[in-house]
Structure formats: C-alpha cells, structure tokens
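The following pair of complexes shares a single chain, chain A, combined with chain B in the former and chain C in the latter.
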Partner chain A sequence: MTIKRWCLFLVVLLIHITILSGCWSKNELTDLAFVIAVGLDKTEDGKYVETFQVVNPGNVAGATQRGGGSGGIPVTLYTATGDNLVEASRKGSKKISRLVYYAHTNLVVIGEELAKEGIMDVFDAIERNPQFRTTATVVVARKQTAEELLSVLTPIDKIPASQIIKTLQMTEKIWGENLDVHAGEIIEALSLTGKEVVMSSFRLEGNKNTGKQQKNVQSIEPYAKLHADELAVFKKGKLIGWISGEDARGVLWVLNKIRQTALSVDWEQKKEAVVYKVMRAKTKVIAQMNKGTPVISVFIEAEGDVGETLVPFDLTNPTQIAKLEEKIEKEIQKEVQKAIQRVQQEKSDIFGFGEVIHRSYPDEWKQMKKTWNERYFPRLQVKVKVDAFVRRTGLRNKSYLK
Partner chain B sequence: MERVQLSARQLFMLAILFEHGSAIVIPLGVDAKQDVWLAILCGMALGSLLFLVYYRLFTYYPTVPFTSYSQQIVGTFFGKGIALVYVLYFLYIAARVLRDFGELLLTFAYPETPLFVLNAVMMLTIMYAAYKGIEVLARAGELFFAFLYLIAVLGFVLVIVVGVIDIHRLQPVLEEGWKRVFKVVFTQTLYVPFGEMIVFTMLFPYVNERKKVKIAGWLAIWLSGINLALTMAMNIAVIGADAVSRSTFPLLNTIQEIRIANFLERLDVLFMIALVIGGFFKISVFFYAGVIGAADLFQIKEHQRLIYPLGLAVLLLSIAIANNFAEHIKEGLNIVTIYMHIPLQVVIPVLLLIIAAIRNRHM
Partner chain C sequence: MLFQWKVSKRKNTINEQSGQAQTVPSGEIDNRLDANIETIRRTTGNSTDVVIRRFMLGKEKNIQAAIIFLSGIVDESMIYQFLLESVVQIDFPSSCLPNEALLYVEQKIAAAGKMRRMKQWNHLFLSLMSGETLLFVDGVSEALSIDTKGGEHRAIEEPSTQLAIRGPREGFTESLGTNIAMIRRRIKNPNLWVEAITIGEVTQTNVSLMYIKGIANDEIVEEVRTRLRRIHIDAILESGYIEQLIEDQTFTTFPTIYHTERPDIVAANLLEGRIAILVEGTPFVLVAPAVFIQFFQAVEDYYARFDIATALRLLRVLIFFLSLIAPALYIALTTFHQEMIPTQLVIAIAAQRESVPFPAFVEALMMEVTFEILREAGVRLPRAIGQAVSIVGALVIGQAAVEAGIVSSTMVIIVSITAIASFATPSFAIAISARLIRFLLMFLATLFGLYGIMIGVIFMTLHLCSLRSFGVPYMSPLAPLIPTNIGDTLFRFPIWALKERPRLINETNMIRQGKQQRPMPPNESKKEGDDH
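Up next is the complex of A and B:
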C-alpha cells in the first residue's frame, strides 16, 4: 500500500473510533438518579407537586450484604412543584445532583385530592416520555397525599415502592380484593367510552413522622405501616367512590382477575362453616340484545379445595361435595351480584360492560354510547352464572369434629 | 449495468427485508383502527396484482432495467423523461425513509443526538453497500433475513407466552364497514409497502433464474403481508386500537409489555434491531435503484462514480425535506401518495404495459 492509502485508512479508522463508541449522550451510572416511584399531588393554587422516591444505590447493596438496617437509608425523597409534570420534573434538578432517570419507575402514586380533581391530564407526560414505562403500577394514596404515602421506610422490602408493588401483586393473587393496574390499562380505559378506571388504593397507618426515620424499621412493629386499601372508582377520570371488602372481590371476579381466594359458606345452621379455597378461576363476559335492550351475562368458573371445616362434614361423600359446590356457586353469585349493584349505584362502568356491547353490537352501541353511564349502565340487566368445582379436600377427608 | 447475478432466493429475501423495512415499526394504516390487519391483507392482494404488471413488463424486456425499457416503449425522448422521473422518485423515497429512520431513532433512543449525525452514519453505511454492489447487499440480506426472523419469532412467542394478548380488542370487526378499510387500502397500504415493489423492476435483470422471479416476488409480498397484518393485529390485541392509532411506534409499545418473571423485560433492543435492519435494506434498495437508474440514463459505465454525489444529495434532502416529524408524516400520507405513489406505482406502469403489449404484438 502506498503512504497515501495508509493515511486514508488511518483517517477512516479514527472516524470509526468516534462514531462506533456511541457515547454521544452517555450517562454514567453515577450521574443518574434512579426514580423508583413517582407521587403526584396538587397544591391549592392548582400546581402539580411531583414526589420522587430515588434509590440510594450504595445503601441498598450495603443493606443486603450487612444483613439489613445498619447502613444508610435505601431511598431518598424529593419534591418539586410546577404547572405541569415536565416542569416539575425538570425543576427537581435544583435539589437532585443527578439526572432524574425514569426508566426504572415502577410505581405511580396519585394523591386522593388530585384523584378527586381528575387524573385525565397526568398520563400524557407518562405516555409520551420514552423513558417511562406504561407497565408501571398506579395506586391512589387513600386519605393522604402521595408524598406522605411515599415517605415511609419499610422493613422487609427495603425499597418502599417495591413493598407497595409486591404487596399489591401478592394480595391480588391470593386474596383478590385489590388490583394491580398498569398505567397503560388506565390510559386505555380513559380513552374508551365503555370502560371506566378502577385501581387500588394504599394507606399509611401509624405515626407519619417516625415512619420517615430509620427508627421505623428498627422496631419489631413499625411505627408506620403501609397497607393495601379499598378500590378507587373513577368516572371520566375523576375519583367518585370507594369499594371495599367482598364487593371489591366481586369486582375482581367480573374483571377476570381472581386467581386464588378463600370464601366460606354456611353449613347446617352454622354460619360461615366451610371454607373453600379457590385455586383457579376464569370469567367470561358476554353481551346479548333482548328486544333492543342489552343484557350482560357473566360466566364464572372456579376450581378449588376445601380449606377448613368448622362442622362435622363427611367429605368422602360425593353427594355432599355436590351440595357444597352448589352452595359455593350461590355464594359467589351473591357476592358478584352485590358488587355489580354497588357499582351500578356509582353510575360508572368499571367492568367495561359497555365495551363488551360495543364489540358485539357496534351499531346499537352508537345509540347508547353517549348516555351509557347515566341511563343504561345503572339499569343494566346482568345475569351471573357460576360453576364451582371442589377438587380436593386437603390432607384429611373427615373432620375430627363429631 | 453491473455484471452480477442474483438467485431467486436472494431476490425473495431482499424483497422480504425491503417490505418489512420501516412498515413493521411505523403505525401503518392505523386509520382503519382495529381493522388495520384487513386493510393490510387487502393491500397485499391488490399489491400482488400490481406486481404482476411489473413482472409482465420485465418479461417483455428481460435483460434491461426499467429506466432502459421505458425508452424502448415510448421512444427515447419521453422514455428518458420517464426514466429521470423514476430515478428522482427512487432517490426521494430513499431520502424519506432515511428521514423516517432518523426520526424514529431520535424520538426513542437518541433524544440528544442531532438528526444529521444519525442520518449521516446510516447513509455512509448505505453508500458503502451500494458501492460494493447489489450482490453484496443481497448476501448481507440472506444473513440478516435469518437474524430478523429469529428475532421476530422470539418476539411473537414471548408476547403470546406473557398473555398480554386480548383478542377481544380486535372486535368489533368492520365497525364502520368496508368503506373505512378500503379508504385506507387505497390511500396507504397498497402503496406502502406493496406498491413500492416497483423499485425491483430495476433489479429483475440481475436475477439469473428468470422463471422464478414471479413466484419469488409473490411469495415475498404474501409472506411480508401476512407478517405485517399479524404484527398489527398483535399490536392492537395488546395495547388496543386507540393506543395504536396514537402511537409513534406501536410495535415498541407492544414489546414493552413483555415482562416475564421480573427478569425478562425491557426487550426494546429487539425493536431497535428490527428498525435498523429493516431501515438499512429499504433505503439501500431505493438508493441503489436510483444510482443504477441514473448510471443507465446518463450512460455512465461505473455506477460507483455516482454514489458520492447522489448519497450526499439524499442525505441533505433527508434533512431538508421537512421541518418537523408531523410535517414529514403528513407529506408522506397526502402529497407523496397522490402525486407520486399513484402515478408512478400504478398509472405509468399500467400505461407502459399496455403500450408494450400493443407494440410487441405487432412486432
């Protein structure tokens, strides 16, 4: 090769070094503030308050190595105020020394006051930002601001946001009164006319001031504790009501979100005497038209075991089991019917029945769409049919009770 | 003309990569809402008819590219005019796709990098590929074809396994009737990506198995049509018709929904790879067709000599084409479709075919 070609070759190589390294807008790990949870509130003069729960990486890793608790605090809380979310987020840089980085944000907490005022406009920024994931869980802070809910240290899962998400997922899975709702699902519900938003709430109990301190996780019973609370019902993006207890579980039955739960039925004059553990459940919702009025049918299939009996009960007898199955079916049906009536009072179609009708009867839906929540949904006829199966009875068949 | 040979298989793979190109990542035909998969399939069916037109032209003149036989069909003067228009069209579309590619990467992955830098890096690679010629591009296509398919299958399986698909989101089918579907077919999906197969009229003469050209082209159109329809249907079944129609990249949103057991998530890189590979082949094919078209038209023996000037022109054009993303998309959907795609993909080829058929009957 001639010298000229060698020079050219070197120049090309040098260009490649600059291009291929791809460090145009690099961010070192030590320059990022990993926001694990975002809290949203509104001030009295209508500004947004954004709360960031930022992971303190050194302390998280240290805490697990040393067996917990002895190091610093795993997360730090910052707040920033602005006319909108982007402004608040950017203004946060006045307090945080690192770039606020949202790619690991798994939780969005909405303060109750903001929820009542309306969440319609807060999701645009979340959806638009390429860092933010729409798979982040969203909850409402019950009876407090999002900032208060996020400012508590938790003992078992060191990072409070993880504690909230994991609690929510676990209770949804084995008890079924709470819902793990993603931002994407909320945005979808906000955009559809035949479906309204429903999500879980979380509550902070105990001493809020001590909850912020390391002391909270050094006590056998934390001074302040987080727990999953009622379901928040929204209408057109505004929080309008709460659903709790068995009604909440009824809502989950309809939404096909029940995976496991336990329910008890009366047996021979004794109240709540036999406990049925649901291990698998499936719900189907179908719309039909009956002389111009829509009818919704909810089909529920549940499979499970007997978990506990408080009366002498011969579980070796298949006819007894069949009788029990019938009772369970009635119990579930009652629970679901009650929940539907309760939601119909709120006049907000959180079940998405309107969408089911839209999908099966698009022409008829066009007439109903505008007044769906006001006129049709509260008076909607809903049929509930349940098939329950008792598969096994655990390690014993008959009870020791005689 | 280069003295190279493509096999029918290479043509097929190149066409598949070309068809998937940017179509798989952009919100293609989403005005049809949940019926978009129908719109794509209809576009595919009509697109294969259009391909038959291109193929018939090729059978009349199997040894020369489009820019040459246009001169043989309507005479040197008009033929050269037509050839020039097509060369400009190919280069313009190359610039448009390059802009698409740059904008997409910028919005999602490189928010702080200037558009020019991204486009320039991509264009340099494409110019290098065009310099090496179509044979090299086709061989690279064979490699990337396997790679892209692996990713696609992996993505599909993961989305299905995760269970985020809700088939009911595709209902109600034909909510607004066939009218809305056909409107989208005739304004969008027929031309992009299926009608864009017109660019392959420049490459057909290189294929050594002439009899297999038709079947290779058709298979490519059908397979990519089915893939695109499936992908869009999957997007809707995962994130809903409304979100798809508002999204800049529906496929990205779908991939982001994949979360398996708290460790297999954030698979955006799959999307990025599909975007870069597809973009590269689509721009390369257009650019190469433009370059050899110009070489053919101006009687330049080595097409390599045109690569630097034309490459630079495409690069600058891709920046100058629009002020913002919205303007770029709007132009693409309205102006380009009416004034470029319809006349150049449908009207002129059909007219040329009619004239060629009459001429060749008398000959």
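Up next is the complex of A and C:
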C-alpha cells in the first residue's frame, strides 16, 4: 500500500515537473514580427545599420477580405544601428512591438558601400543564428543603400522581398544573366580559396519618395521600380567589379546555372537571323595538368528549339539543321570565352576553377593556392567545347518568309 | 491498481448481496393446484401480464388443471389453438388419474417442439419468465413446461451503424434466436457450435457463445467460457456490460473486443477462428479476440477488389492519425515551429490570428469542445431536431465565430477535417478513443510542441503494444510481426493471396483455401498446377 501511494505521489510530482518546464520557447503568432528581408549597410563611423522589412500580416493579400482594410501597407520598414549585427538586431526591439523573428527571412540585401568594404564579417551572425535560413537569397543594392532598395512598395507581389526573390529566380531560369545566390553558397565561397563570391545586384529606379507610398502601387506604371542588375564580382569578400549582359550569361554557362535562354545566330549574311531557345543545358568542368600548368576544359551541352527565323529557312532539311547547330555551338563558345576573359581581367576566380583543380590535383594545388588569383587564374588556359542540339522547330517547318 | 485493491477488500460482502432482492421460493412444487397458483401469484406480485387459465381435464372433466403464461412474450395463438383447444376438446381414456392425464397431454395432445417436466420452483419460474407455458394438474407434484416463446420483435432491418454499399443488407435484431439463425444461414456446417449461458441474477439474460469447432482455438474458447461464468451481476442489458466485464485491460481507451451489427462480419470472424458472444436483447454481437487493425477493416474491403480495398484501408489509417494529431499539429506549428510553415501560409495564418484574442491552445480547445457538444446533441436529439441543431452549429462555428474574430478560419478548417476524419473511421469504438487521445495530444503540443506530440504518440504506441485481447497481442500481426498475415493489415492483398487464417488466434487449422486460387487462363493454370 505504502509503495503504491509513493508511486502515485511520484507520478503527480512528475506531472508537475513537465508542466513547469513546458512552454518556455512558446510564441504565439501574434507575438512575432516576421522579418521578410534584412538590409545591411554601414555608417561612415563604421557601425552597422540593419534594415528590417517586417510583414504586416493583416494587410497582405489573401487576408484582406476581413479587417485588413483600405490603404494598409503589407510591409513596414525599421532600421537599427549597432557595432555588430546582433546588437543592431536587439536594438531593433526599441521600435518593433513584437519579437523579431528571422525564420522566414528569405532575402538579405547588402548595400554597395558595405559590399566594397567587405562582407566577410557579416555572414557569421547569419550562419550562427538558428532561426536564420542559409537558403535566404543575397543581393547587392546597386548604387544605393540596402535601406533605399527595400523602401519601395511593389504591385504584383505585395511583399517587396518576394518581388525581388521571384524576379531573380524567374530571370535566372528563363534568361540567365542573373544569379540567385543563397547565403549558404556565399559562406561556402568565402571559406574556400579556389572560389570567389559572385551575386546579383538589384536596383531601384524612379521616384524613390513616391515609391515608399501606397500611390506607387495605384499607378499603372509604378513611380519606382525594382529591377535585377549586373553581376557583382567579389574578391576576398570585397566587391571589385561588375559584369553585365552577355558576359554575365557566359558566367552562368560556366557555373552550370543556365536552364533556359535564347540566343541568335547569323544566317546567310543576315545578322542575328535565327533565334535558338535553349530549353535544357548542362555544363561540366574538368581540370588537367599540362607540363605543370593547369588546363581547364568546359563542356557545355545545350538542347533547344528554334524560336524565330528572320530569313527563309528550310527546317525540314537535316543538313541545314546540322549547320545551324554548328553555328549555335560557335556562338555559345564565343560568348563563354569572352566571359572568361572578362573575369580573368578582374583576377577573381568566381567560377571555382581553383576548386576543380584542388579536387583533381590536390598536391599541385598546394603550391598554386596562395597566388592562385594573382598569378595562375588570369593566365589560365580554358578550353570550351559546346555540343548544341536542335530538338524541335516549333509549330512551323517552313517560314512564311520568302 | 488502487481500484482493484479496494474492490478485493469488499469482495465477499458484495458477492453475497449480488442477486435478487427477494428470493424465488425454493424447493419443489406442491401437488395441490390451488397452492401452486397461490405461490405463483404471490411471487409475481399479481402482475397483470401473468395469465392463469383454469380448466378441467379427463373424460368426465373432473381433473383440475391450469396453464400459466406471460402474455406478450408468448405466441398466444399457438397456446389457444394447439394447446388449450385440444386439451379441452380431446377425449381422455375413461378412468384417468391426474398423473396419467399429464402424461397423456405431454405425449398425445400438446403440439409443441420442446417440452419438459419440472419440479423445482426456480426452474419453473425461469421457464415462465422466458416465455414458456406451464401446465399444472391438480394432484400431480410435477408441471409441464411447454415452449411457446414468441411475441413481437423488431423485424430484420438494414444495420444502422455499419453501412455498406455492397454487401448483405440484413442486420442483427434484439432476438437471440433470430441472430443465431442469421449466422447459421451463412455457415452451414455442423461444426458451428452454440453454447448457451444465462447471465444476470435478476435479468436471467440468455447469452450464446458461438464458434467453429476445429477452427477456433480451444484454449481461447475455454478462456471466454470461464470469463463469462465468472460474471456475477444483477443485470445484463446490453452486450456492452459483458464487454466491460470480460475485457483484458480496463484502463485503456482502445477497445479490445470488437462489436458489430452485421451477421456477415460475425461469420467472417468465426471463420478466422474468433468467438462470437451473442446477447439477448441487443443487436450488437461481441467478437473476441480483437486486434487493433480489425477496427480499420470495413466489411466492404473484402467485397471490393483488392486494389481499391488497399487504397481505402491506407486512407483509413491516415484518417485515424489525422483525427488524432491534426489540432495538436496546428498548435505545435503555430506556437513553437513557425519556421516549418511555408512563408506565404504562415503570413496568411498570422493574419487570421491577428484578431483572435486567445492563445492557439485555447482557440483549438474551444472549437473542439464546441464540436463535441454539437455532435453529442446531434446524436441524442430526435432526427428532425438534430438536423436543425447541426445547421445552427455549422453557422455558429463556421461563420459567426470567425466573423466575430473569436477563432481563425484555419482553426475551423482543422476542426472540420478532424471531425469528418473521426466519422470516416469504420469503427466508432476506435474513433472515440482517438477523440480522447486527441485532447491529450493537444495538451502535450501546447507544452512541448512537436516534441510533445512525438512523446504522446510513442506512449500511445507502447500502450497499444502492451495490450492483449484474450491473450492475443493487440498489435499483431504488426507487432509481433507475422509475415504471412501482413496481407490483411495496412494492405488488403487479393483474396487468393490470403491463404492462411490469422495466426495466434488459431494455430491448428491454418489453411483457408486450395492451392492456385489465382484466376488465370485454363492452359496456364494447368501448367502451373502440374508444378505443384
């Protein structure tokens, strides 16, 4: 009997322990400030400025049927200053009524000035914080501060951060001049010697003051618009240059990031006469040693359709198609070679060729490692081989053009 | 444990008190008719439904006799036509002693199937109360009990609890005889044995034990028999009484005895070696031993083709888990693991929660309790009003509460899904246990989030594995794993692949069907047949 009583007593005690220890990490949804984007800048006296784009759940589309109401703005911007990011983040609580919650932060914007000064220190806090996702997209604010880039209202995706991320993803997928780079990839590149950081930039153009207001989304043509800009090339964590246009696409070819794009080739004296839509592409990078000097071979496989012809072109003729494929191969090869030369001028191995050599020839790499970007990379011999294939010709074999 | 201890201390006194408030006269009957009639009158308290009809027997009509029966539970036309009429009209041998008259009635006149001579009062009263007619003859210290059971019964109808789109439409009734007959009609085999036991000191309820000799495990049959014999209680009004008195584990929300209203289910279970317990006065028949997965097997699983049956079976297991953890998951995700919800969704949920003044747990609890109230009201009310209640309930829960900002519409969706899921479980017994555990899991989720849910589910699994039903592990054939029986658990293999009866329930007569039952074109089946 007494034993049973003791057991009962213990059970009651244990139940109390569980209740007492519970709930410590509990947060109701209404106590959280969902930070959707973080902007990072530096003041002139070397302090960090952290910009929070906080979601205003009641005003986001889908929730507006009820209560949300007229004129509500889906996001609110707060800034805080501190000697380091954690300090800035904690100081933000002076302005934000809820717990700053980073688990849904999908975008990190780095101001151009901070990027030039160096982003080495920034990512430790991001990687260390368990809430923060390393899958967050990182972009550089071109010719402006991160705060400026984030203070705009966007029409289609109501949350500006979503607008930036989705634009970037979509343009990478179907055009291929911009890169959607995650924080994790940047941290990886920062820690490796044979690879440097490259990321896209974004720019806000137009009337910035009106851009901050509801007026911006009520106009058929927004007063201020966001758009993806050039690729930012970093070296040792510092922004050193910009790559744009076809060169940028060439970089993506080498990085195996091209999914779809479109390029045009000349045909029978007519410039840019046939347009080739790449639908699938794959790139392989292989390192070899040739008498002690490394040689990189880039193999590109592209598959796609004919998208447009501006000359009469007989697509039923296999020899014509073979000729077209050859021209496409040359075009891609030219573009990639040009891009590689352009990057070699910057003396920053954003392709990660160094890492390819590191994996294939670890012993030789040890000697090249220290002076890789200065001595070896700018003079590196890169062979580009392209294999293009025309899969379909669209709904038309013979053009109506005569 | 504590309860058992308390009971054991008082066991002796209880046992003596059990039984009847006033005892039936013991001993044998008198040879005087008047004295006997007086005894019956006194014992039944002059109840109005006790019919006593006196008449004279013999050639000279000089022997006093009486028949006694309870109106309502006897077939009165049979008594009047075949017994009373012939007894009064027929010619007796000239000089006839009372004793011979009784014999003469027994052998020549009464046209009934079953007749017994009785002396003991307690036997006589039992016969009288179960619808037999007693014949007393003056001067004889023995009475004749004639089986005239009958009276009004509900006709065989479609069962209201376990409906099937395809399958027999008849369900059990309140009449024990009809129920036994319904099973007999399905299994035409002399090895289908029926044992009768009377349980209930006051009610004297007839209970029948049914099993197939040679398929059912004798040890389990014996165990059921002993457990039934051990019952000493005043009344058995429904098979639920017996279920609660013979189950292996009382402190569990999970049913360890299966009950059904469908004769085809009982027949199928008998053929798997299980034992059916039929109770007079209820259409619900108990089937033991029961295993966990049995409660997910709907009768149509076996009538539909296997691919469809398997898909539905898997769906039902999913439904069970959904009805178990859906609200708990909502609480855990919205209060602890906001990072696990996709961004768009978390913002949408947060927007709805903006106006809700309660924590997620209170919100969920409130809605769940409201739903349980509505359900309970709907079940108890007459059908017409029940519908009105559910309309009001749907409006109150679905719209007004959301518009008033008391609950979020996501919560309404969660509660609705949970509710529908709990109704989609084929066995009400298991759905109701899931409902109870759901509240426990909600509480754990509030304290510890997903970790709490995991702890809860692990404990539930451990508990399920520890259960036994008449010695058979409750989770078999999943734990312990019996590969040959796995075909009828989460999946339902084709009928021709279910070659063996469930092990553990039966160990001697395992094989259920011949070799090569898989249908195939004639030539091929011949070839394969030769191989075997």
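What we mean here is this: the second predicted complex is superposed on the first by the 372 of 402 C-alpha atoms of A that agree within 3 Å, B and C clash if a C-alpha of one lies under 4 Å from a C-alpha of the other, contacts with A are read in each partner's own complex, and residues count from 1 in each chain.
Note that in this section contacts are C-beta pairs under 8 Å (C-beta built on N, C-alpha and C of every residue); 3 or more make two chains touch, one makes a residue touch a chain.
Small disclaimer: the values here were computed from a predicted structure and weren't measured.
Asks: What is the contact status of A:G184 with respect to chain B (first) and chain C (second): first, second, both, or neither?
Replies: Touch status of A:G184: first partner only.
Asks: May I ask you to decide whether A:L8 touches chain B, chain C, both, or neither, giving the answer as first, second, both or neither?
Replies: second
Asks: Between chain B (first) and chain C (second), which does A:P362 come into contact with in this model arrangement: first, second, both, or neither?
Replies: In the superposition, A:P362 contacts chain B only.
Asks: Could you tell me if A:S25 is touching chain B, chain C, both of them or neither one (first, second, both, neither)?
Replies: both
Asks: With both complexes superposed on chain A, which partner does A:R142 reach: first (chain B), second (chain C), both or neither?
Replies: neither
Asks: Considering only the touch criterion stated at the top, classify A:R342 as touching first (chain B), second (chain C), both, or neither.
Replies: After superposing on A, A:R342 lies clear of both chain B and chain C.
Asks: Chain A residues in contact: does chain B have more, or chain C?
Replies: C
Asks: Does chain B (first) or chain C (second) touch A:K195, or do both, or does neither?
Replies: Touch status of A:K195: no partner.
Asks: Looking at the overlay, what does A:R249 touch: chain B (first), chain C (second), both, or neither?
Replies: Touch status of A:R249: no partner.
Asks: Do any residues of chain A touch both chain B and chain C, and if so, which are they?
Replies: Residues 19, 25, 103, 133 of chain A touch both chain B and chain C.
Asks: In their shared complex, at which residues does chain B touch chain A?
Replies: Touching chain A: residues 107-113, 117, 121, 168, 171-172, 175, 239-240, 242-243, 253, 256-257, 259, 265-266 of chain B.
Asks: What residues of chain A sit close enough to touch chain C in their complex?
Replies: Residue list for chain A touching chain C: 1, 4, 8, 18-19, 22-23, 25-30, 32, 34, 36, 55, 57-58, 60, 62-63, 66-68, 101, 103-104, 106, 131, 133.
Asks: State the interface residues of chain A toward chain B in the complex, per the touch definition above.
Replies: Residues in contact with chain B: 19, 24-25, 103, 130, 133-135, 184, 187-188, 191-192, 356, 358-362.
Asks: For chain C, which residues count as touching chain A in their complex?
Replies: Against chain A, chain C makes touches at 1-2, 5, 334-336, 338-339, 343, 346-356, 359-360, 403, 405, 446-449, 452.
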